[in-house]
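Common to both upcoming complexes is subunit A, partnered first by subunit B, then by subunit C.
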Partner chain A sequence: MSLQVTKHADVVVIEVDGQLIVGNRQELKQKVLDEAEAGARKVLIDFAKAGYIDSSGLGVLVSLARRLRELGGDLRLANLNDDLQTLFELTKLDSLFQISDTRERALESF
Partner chain B sequence: MADLARVLAAFGEAYGCGATLWLQPALDAPLEVAATAGGDVTPPTGPHLADDDTIRSRETALGRQLVARVPGRTRAWLGLGPVADDDAEPRRWMRVLIPVLAQLLQGQWEASRATDELAERYEEINLLYSISEILGRTVTLEEAARTILLEVAETVGAEYGALFVHDAGPGLLRPVTALRLKGAPAALPIPTDDPVSVTARVFRTRAALLVNAGVLESEYEAPFRAGAMLTVPIVWTTPDGGIPLGVVCLSGRRGGAAFTAGDEKLVAAVGSQIGTAIQNARLVRASIDQERLASEMRLAHDLQMRLLPDARVVAPDATCAARVEAADGVGGDFYHLFPLGPGRTGVLIGDVSSHGYRAALIMALVMSAAAIHAQTTADPAETVQALLATVEEELRETEMFLSLCYAVVDRAKGVLRWTNTGHPHAFVIGAEGEAVRLEATDPPLGLGPEGLHAASRPWGAHDLLVMFTDGVSDARDAKGRALGEARVLEVLRARRREVPSRIVDGVFALVEGHMGRMRPHDDQAVVALRTA
Partner chain C sequence: MASNAALDIRIPSDVSRIEGIVAQVVHRCREHRFAGRQLTLNVPVALTEALSNAILRGNGEDPSRQVRVRADVSELRLVLEVEDEGDGFDLDACTKDPSDPGNLEREDGRGLYLMRSLMDRVERYRGDGNVVRLVLHRR
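The block that comes next holds the complex of A and B.
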């Protein structure tokens, strides 16, 4: 997995390339926490290039969303593929995140 | 010296002239008679000891004597006499005799040097052999370090020293043993990036360093440094070069003599042996730890399997089969079964969002709490809510969450009620093979807001309840392709009329066939229950 960080106005966009799994979840977590430490409050994670998220990866997303909410910010998701979208629906995790089907819509939603 | 005496004796007999050879063991030392065949043996002095090839004459108690330096590494002078005033002949004899003696002395010098070198090498070879023996007998360097340091220090004549081993985590060179100055404090760990310490510098550069007294003095080395210090890296030699593992420091050479290049070479050889020993010890330790861990994991796995109930516990109200395969010996997938009174059966499947020890501990906690709470209420939402209260703190502290589905089948009333916290794979397979998903009522435990919900649907006499975890549908083949939920459902539909044990076996046969020789990357659990 690799992470690419870009900024769009006050939104930090992190694009995940590869699988978000138990072995690399801490990398994403640290990246988002570093951005939050630097003052970022609006974070969008773009999964356009991610095919799979395991249960540990889901846990990190929820943990980061909570942390940003505590700081008065928000973490949103975009570009989940069909399998991931289904996973979020089946596990009711879609009720915990605002999920957009494109990066542009997600940026507009902040 | 016997050869020299024989040559001089032969010369004396042949020419009727006395001859004496003097040697000077060291510069400015008095001359000593090495061999004589008559003539005055009083050593020449003053101008007669000039370091050139001039033949000089001097007066002695026995008459005039010719004296000349014998060239070569050995400081030697030859005296011939007594000679007559016309000494042209004796001078010619002297020019013949001197090269012969020079050759003999050179031969003796080389033989003596070879003996010294052999003695020196013997000492070195003996040291290396001793250290090999010491290292071969011990598993940990700590046990051998002091003996090794003492042996090396003794061989190179050092009074003080220390042996450091690299601790990569904090980036320190930790002293394993030290020969300290009297009253000095214990040696401290040295940061590998310390700019002054010779020890740190040698570790970084992997090159031995000999520093003179007063040069690059550091408080880190003060406890074991007196004057010049020889510092050599401990390196584990690999095909790609070497990996630095530590440093040996030696100081306070007896008699104040300087360390030599030979000392450096010797300590470097010892350092290389110590490096190999450190690496071997680490591998042995890792192997022992791994074996111990594997043994503990086997025990933990057995223990965990014993926590899972026997599927016959729900008889006669239901027939059930269940199986859990943990990915890491112990895992976070589990099931539980509860006979809840006439005609009612509780079935729980859960998946802690990780596997390994921590997930297994959460699983054990949930298992024991569920056994209590399931008996206190017939409402699955209330049972799961009570469960959440029990494990909420652990889930928060460990950043784990728990997806589970708890279903209560009421055969008498023909109703199935469930609470599903983010568990995607819970189904009722109907008599005609239709698969109805028991939708999630809430996000996984530990992630969602408070207040859980329950749902219900009719339960038919020929319905089959099947739950499995994502380790089953996400099982990967050698090319990384997931099995997929649809293929699991195909097997369930095809085997829906078989007994639950054959249904569970069928699912695992499918999973194993798909994975081939691949090891599961996640825990796998399947539960099948029917009430007919």
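The block that comes next holds the complex of A and C.
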């Protein structure tokens, strides 16, 4: 997995490339926490290039969303493919996150 | 030509080994023409969950303990067996329902539920060690 970070006004966009699973989930967690430490409050995770996600990856997203809410911010998601959408529906996490079908719509939603 | 020989390998308790095992099993399922979503969702996610449970919980990430993975793939089905050196667990008691509001914001606890949602059958039994057996019929 690799992560690409870009900034769009006050939104930090992190694009996940590859699998987000137990062996690498801490990389994403640390990246978002570092951005939050530096002052970011609006974070968008873009899954356009992502592979599959396991329960550890989902757990990290839940943890990060909670942390950003505690700081008065928000974590939102974009570009889930059909497989990822299914995972979020199965685990009911589609009710916890604001999910957009494109990065542009997600950026407008903040 | 698709390989009919069962995969049978042992790995150390190291989560960095998971992706390689998953890739090998998915490759065999692709050779046997499993459906696209089974290759991109059901098999990789369920197997990742089974392996991470075995490594982290069963073996407690103890590098001296191993995980044995067997994968038997045919035109009909995939049978996976993931065996660790732990004491085992009660599959039903440990599976948490994500529709329970108290579970929604938990960081952990979705693995067994996902495994059981994505496979046709999940069983746990005592072999030489603690074995989780996953079955997925080809579609």
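The working rule: the second predicted complex is superposed on the first by the 110 of 110 C-alpha atoms of A that agree within 3 Å, B and C clash if a C-alpha of one lies under 4 Å from a C-alpha of the other, contacts with A are read in each partner's own complex, and residues count from 1 in each chain.
Note that a residue touches a chain if its C-beta (ideal position, glycine included) is under 8 Å from a C-beta of that chain, and two chains touch if they have at least 3 such contacts.
Every value quoted in this text rests on a predicted model; they were computed, and no experiment measured them.
In the superposed pair of complexes, A:D82 makes contact with subunit C only, with no contact to subunit B. Contacts of A:L96 after superposition on the shared chain: both subunit B and subunit C are touched. Touch criterion not met for A:S109: it reaches neither subunit B nor subunit C. Which of subunit B and subunit C touches more residues of subunit A: that partner is C. Once both structures are placed on chain A, subunit A residues 22, 54-56, 58-60, 62-63, 87, 90-93, 95-96 are touched by subunit B and, in the other complex, by subunit C.
Of all the residues in subunit A, the ones that touch subunit B in their complex are 22, 54-56, 58-60, 62-63, 87, 90-93, 95-96.
Taken in their complex, subunit C has these residues touching subunit A: 15-16, 18-19, 37, 40-41, 44-45, 48-49, 52, 56, 98-99, 104-111, 113-114, 117.
Contact residues of subunit B toward subunit A in the complex are 351, 353-354, 399-401, 403, 421-424, 437, 439-444, 447-448, 470, 474, 522.
On the side of subunit A, the complex with subunit C involves touching residues 19, 21-23, 51-56, 58-60, 62-63, 66, 82-83, 86-87, 90-93, 95-96.
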